[in-house]
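Labels A, B, C, D, E and F are assigned to the chains in the order they are written; within every chain, residues are numbered from 1.
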Amino acid sequence: MLERNAGRKFNELRPINITNNFLKTTTTSVLVEFGNTKVICAATLDDKPVPFLKNTGRGWLTAEYSMLPASTQTRTARESTRGKVGGRTHEIQRLIGRSLRAVCDLNSFGEKTIYVDCDVIQADGGTRTASITGGFIALAELFKKMKTEEIVKEIPLKDYVSAISVGIIENQILLDLEYAEDSKADVDMNFVMTGSGKFIEVQGTAEQVPFDKKQMDEMVFLAAQGIENLISLQKKIVGNLI
Amino acid sequence: MLERNAGRKFNELRPINITNNFLKTTTTSVLVEFGNTKVICAATLDDKPVPFLKNTGRGWLTAEYSMLPASTQTRTARESTRGKVGGRTHEIQRLIGRSLRAVCDLNSFGEKTIYVDCDVIQADGGTRTASITGGFIALAELFKKMKTEEIVKEIPLKDYVSAISVGIIENQILLDLEYAEDSKADVDMNFVMTGSGKFIEVQGTAEQVPFDKKQMDEMVFLAAQGIENLISLQKKIVGNLI
Amino acid sequence: MLERNAGRKFNELRPINITNNFLKTTTTSVLVEFGNTKVICAATLDDKPVPFLKNTGRGWLTAEYSMLPASTQTRTARESTRGKVGGRTHEIQRLIGRSLRAVCDLNSFGEKTIYVDCDVIQADGGTRTASITGGFIALAELFKKMKTEEIVKEIPLKDYVSAISVGIIENQILLDLEYAEDSKADVDMNFVMTGSGKFIEVQGTAEQVPFDKKQMDEMVFLAAQGIENLISLQKKIVGNLI
Amino acid sequence: MLERNAGRKFNELRPINITNNFLKTTTTSVLVEFGNTKVICAATLDDKPVPFLKNTGRGWLTAEYSMLPASTQTRTARESTRGKVGGRTHEIQRLIGRSLRAVCDLNSFGEKTIYVDCDVIQADGGTRTASITGGFIALAELFKKMKTEEIVKEIPLKDYVSAISVGIIENQILLDLEYAEDSKADVDMNFVMTGSGKFIEVQGTAEQVPFDKKQMDEMVFLAAQGIENLISLQKKIVGNLI
Amino acid sequence: MLERNAGRKFNELRPINITNNFLKTTTTSVLVEFGNTKVICAATLDDKPVPFLKNTGRGWLTAEYSMLPASTQTRTARESTRGKVGGRTHEIQRLIGRSLRAVCDLNSFGEKTIYVDCDVIQADGGTRTASITGGFIALAELFKKMKTEEIVKEIPLKDYVSAISVGIIENQILLDLEYAEDSKADVDMNFVMTGSGKFIEVQGTAEQVPFDKKQMDEMVFLAAQGIENLISLQKKIVGNLI
Amino acid sequence: MLERNAGRKFNELRPINITNNFLKTTTTSVLVEFGNTKVICAATLDDKPVPFLKNTGRGWLTAEYSMLPASTQTRTARESTRGKVGGRTHEIQRLIGRSLRAVCDLNSFGEKTIYVDCDVIQADGGTRTASITGGFIALAELFKKMKTEEIVKEIPLKDYVSAISVGIIENQILLDLEYAEDSKADVDMNFVMTGSGKFIEVQGTAEQVPFDKKQMDEMVFLAAQGIENLISLQKKIVGNLI
């Protein structure tokens, strides 16, 4: 039996901390911590449409993700300096965007664009799942503010959404991998699920050893439990909106 | 009951055609056709290592994916002209690369780099699954040639690998979506599986309507059948290598 | 006397094959083969003007050219990955564009843009001449379709256009060089000519040994013969349009 | 007489808070707060030389500066997404780099590169002065660690360094401008000074109204006082190193 | 006492030559020479607004600066070939732009953009100060022409502006450094001042040895004298405009 | 009969002025003037090989071409600002490079790179032909210097090389087009020829009206005369080297 840091059980989340209204500059911003992983999530409304929706009357939500150079133990080169966004970043920010769009009504606020920025301050595994979980809160707060300001009539959310990772290390299935675990996992699987327990995204990768159906079922089971806990937490912070 | 083009059943693949040695210029190249989707897959060996593996003694496999501008009904702008590779392309070529690396022994041929190029000539849904399926064949042919030339002692493959998509349209689960189906699907799920029936990649996305565990199980079941057929086909072409 | 592959005479074209309506996705696409050189040419109409012709009432034709990485014996690095279009590509696509624009009436279809995409599947010398020759056919087919759809009243073509290369190897003048010849040629000259036998573009380069007027005259003579054959072929495919 | 927020006097700094060892990932990182301006400064040692110092035996220090999109009241577009580092960022990171290099002995640790990353979490004026002041602390901590690890024999610092801004609004000179002041200032002047009270950088800009020698002298006077305070603070945190 | 080239005194400018109407292509262009430093400055009016001032009714002035590859003793790589504008160039062109904008009324000519191009033909120190000094003349000439053409009613200049450098070498303060001096200076300071003797920009950098208040005062004194001479020269060329 | 500016005859060059040693910074630089067209050509030796010739023992010559923004009557946007070299620039600098390489022995000076920079100060037609003609002189001067410094034993030139344009306007053939002529020409043809009267490059483009063999012959005749004059001029400046 693998021992986890801080005596964590195989099906246990790391300590989750969420600080709402983290920044004074932006009205809706959240510091989300999954153990030592820390991400600042902020939601902003931009009055301009994205180019491909011009003259359609529809809005959009776009997510951007980035890691501070000092967020990792070996310094991560800055993508602005390299002049291009890398493949991993593209993959993650597309995942965050799809996950949040899946629970929004994008037709309710006209040709505007919502930006959800997820900036990783400290990375210890699970930055994409923390980003989705925290990004939802920033988004919900933005919608609440938009309702107050009468930009929308109702809060345009169809459900809550959270995300968690599950992995397999030496044949053992573990919830919410931290970096030291993630780096030796044979399988890494990310789940994005709604408040009503349905799947929005399922992304499993066998880096080393392929997995079978039984293992997948167990991973699904663990993930569903973890996400239930995260969504309870979200409800405490943003209230019952749906 | 949804009707599919050409009277196809819900659990039926489109006609699959594979033309080995498609190009005279490159020794290992394949034209793979999933119905009207046509992809040229080619595998090339480059004697130079990728920068991050310099002086490690290890090799690498990298995949690149691109669509001809005329491969889609509305012309697709060329990424070379736009000056950068888009997020979707990044996502797909990373998926192809991970899928093929998962069945290779990258330590067997020194500090060299294998390129698997997947160029979509005609796109009608399933270009990424066709790319993985055809890319494996080009790769296997390259390894056979490398063995003949004594660059490797044994063919460095641990298993076969194929990929297929499954989707949900109006609550009905369908195998191997073509474009007209894909564009109205509520859920789109891609499976990458080995010859021994295990999962390498599972990527499901609920574009419109979240899905539940029962639906996921049914999608897994359909995908496994489809992939079994594709792997039989691969074996006919490249022979029993593993 | 130099011997050519397949017993070809000094003034003989390689076998020319043209497959009209090659792709199902795009209405006007052509596979053109000059021996082992294979290029997919497609013509597309875009309703938006190019920026520099906005509010002038005039249309434009722009050509793009690219080689598949696997089209050459040594893999060609992808320009999208390198982040910029190289000088040779720029030079060729500008040549194709000028050649086709020279026979069009760009004032007849309003502020629209025609894209002629030339994608080299297999490269064995003469890719630019094959692109112009095949590009004309795709363009003519697009104009026929635009006439049917009443976007233009008359087919806006002033003449046919084809292109061919001539070279000098060891003092011997040869028509339509294939790659093995091209790579050892002292002089390489490309001609673009009309159905009425006039010049649109003449581009001669002495890579190794400068040439004199007498040699230029002989090259002109050979080229004119080759182009006459190509234009007969074009007429068979697109019909008598002018 | 202009009234400042929180009853601050014209010659008073905002509350300065410095949290040493802010991140667990990086050994030397600092959160520096000048009022509501918050910057994470981190110093990292990279074993590779910068290209232009290869084979010279000399080291280098390079600074990078960036603002989180949500750090400003109107969202700041991400430079990685735009594909290039803007002029203002270039200007600031060059200033930080020059300021820190001016107090270092770059010949003492071989052909290595020190990165000082300054990431603005919340921007309320004075981000460049906070970056220099906090960057020095991160750098000093890195040097202490390098001494412990015997990479350097002595701490290669010649002096302390801090920075502060002074501005003129309606003819009144103010120390340490916050954003609301900065945006209406006629003159904005940044000073970088050493522990021994000398100038390293002086950068004054009359955005609206040119200034005279008497005003410059008063600004110098105010800045020197402010910097003295900042350097006392630095000494408390990193100790007496020089 | 340091000896300067050509017996120049510590407080003496190099020979200054200004050739108005240098180019036939552009109506307002100037060749400015500070000793061996030669810069072509040209001012052009563009009818389009800069994007961020669209629909504000205001105009803008933007400066661009570049060095010919052959302008320096070691060839300078071309920024167009490298694909990006470097930090030093950004810094200089922002300085030129701010300096010239500080004396203009940008509200007087509508939503237009003025480009001031400064191209260094030969670099021997002081290229940025020559650019500002010559750029002002090109700008004044452009405004005179705009008045003649009734685009503005009055010449929209609030003052003259010139720039000069001062440096410290071996404790000696010198005016208008040439390259051989600049490269061994401990301190390099650039001043931008108006015809009425006020400061627009002050930028001092201690590359090697920090400087004190007394040295700064002496540098200010020298700079003010130098600038007075430059502004007399400007008045002779463009006339009394203000 | 068309009248040309300054009473020039159809077969007459514009006044050609060549100022050798134009810049003090670079040892080999030339200002070449074809009428109002002014280009600074400079040749520089770089000790590093171009990447593709590393470890081959061979040298290379590369040409770069650029226009000052103010060199044209409508300001030309700077390619460094746009972030990429345009197609026309690529085409021209490749032509200059090929033309000069054709008369050099690149195997005589080891793995070094020669840069020939052609910077257009004032553009009035014929910038590419002036660049080749002047670039040859800068190159010859560089080789003379390399011989003096014993980097080469003999001057590695096989022949002289110059270039000139010929055009057709309203059926009349004219030598050395200036901009006003070029912009209304039906045909524009550039010739690069050697001192021994042979062709290195022939590039003819029918922008508007295709041309026939008789016209081409007349253009060749005119060009050969023009080039003879240019080469006499080159011999006067660089001496008899071959």
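One rule holds for everything that comes next: a contact is a pair of C-beta atoms (placed from the backbone, for glycine too) under 8 Å apart; a residue touches a chain by one contact, two chains touch by 3 or more.
All values reported here derive from a predicted model rather than from experimental measurement.
Path length between chain B and chain E in the touching-chain graph (shortest route): 3.
Any chain bridging chain D and chain F, meaning touching each of them, is among E; the list is complete. The copies chain B and chain F differ by a rotation of 120 degrees on their C-alpha atoms, rounded to the nearest 5.
Distance between Cα centroids is largest for the pairing of chain A with F. Mean C-alpha positions place chain A and chain B at a centre distance of 28 Å.
Centre to centre, using the average C-alpha position, chain A and chain F are separated by 59 Å.
Chain B and chain D have Cα centroids separated by 50 Å. Annotation for chain A: residues 83-85 touch two or more other chains. In terms of which chains touch, the assembly is arranged as a closed ring, every chain touching its two neighbours and no others. Around the closed ring of chain contacts, the path that opens at chain A and continues to chain B reads A, B, C, F, E, D. The residues of chain C lying in touch with chain B in their complex are 23-26, 29, 36, 40, 42, 44, 46, 64, 66, 68-73, 75, 78-85, 89, 115, 117, 119, 121-124. Of all the residues in chain F, the ones that touch chain C in their complex are 84-88, 90-91, 93-94, 98, 102, 159, 189, 193-194, 196-208, 210-213, 216, 220.
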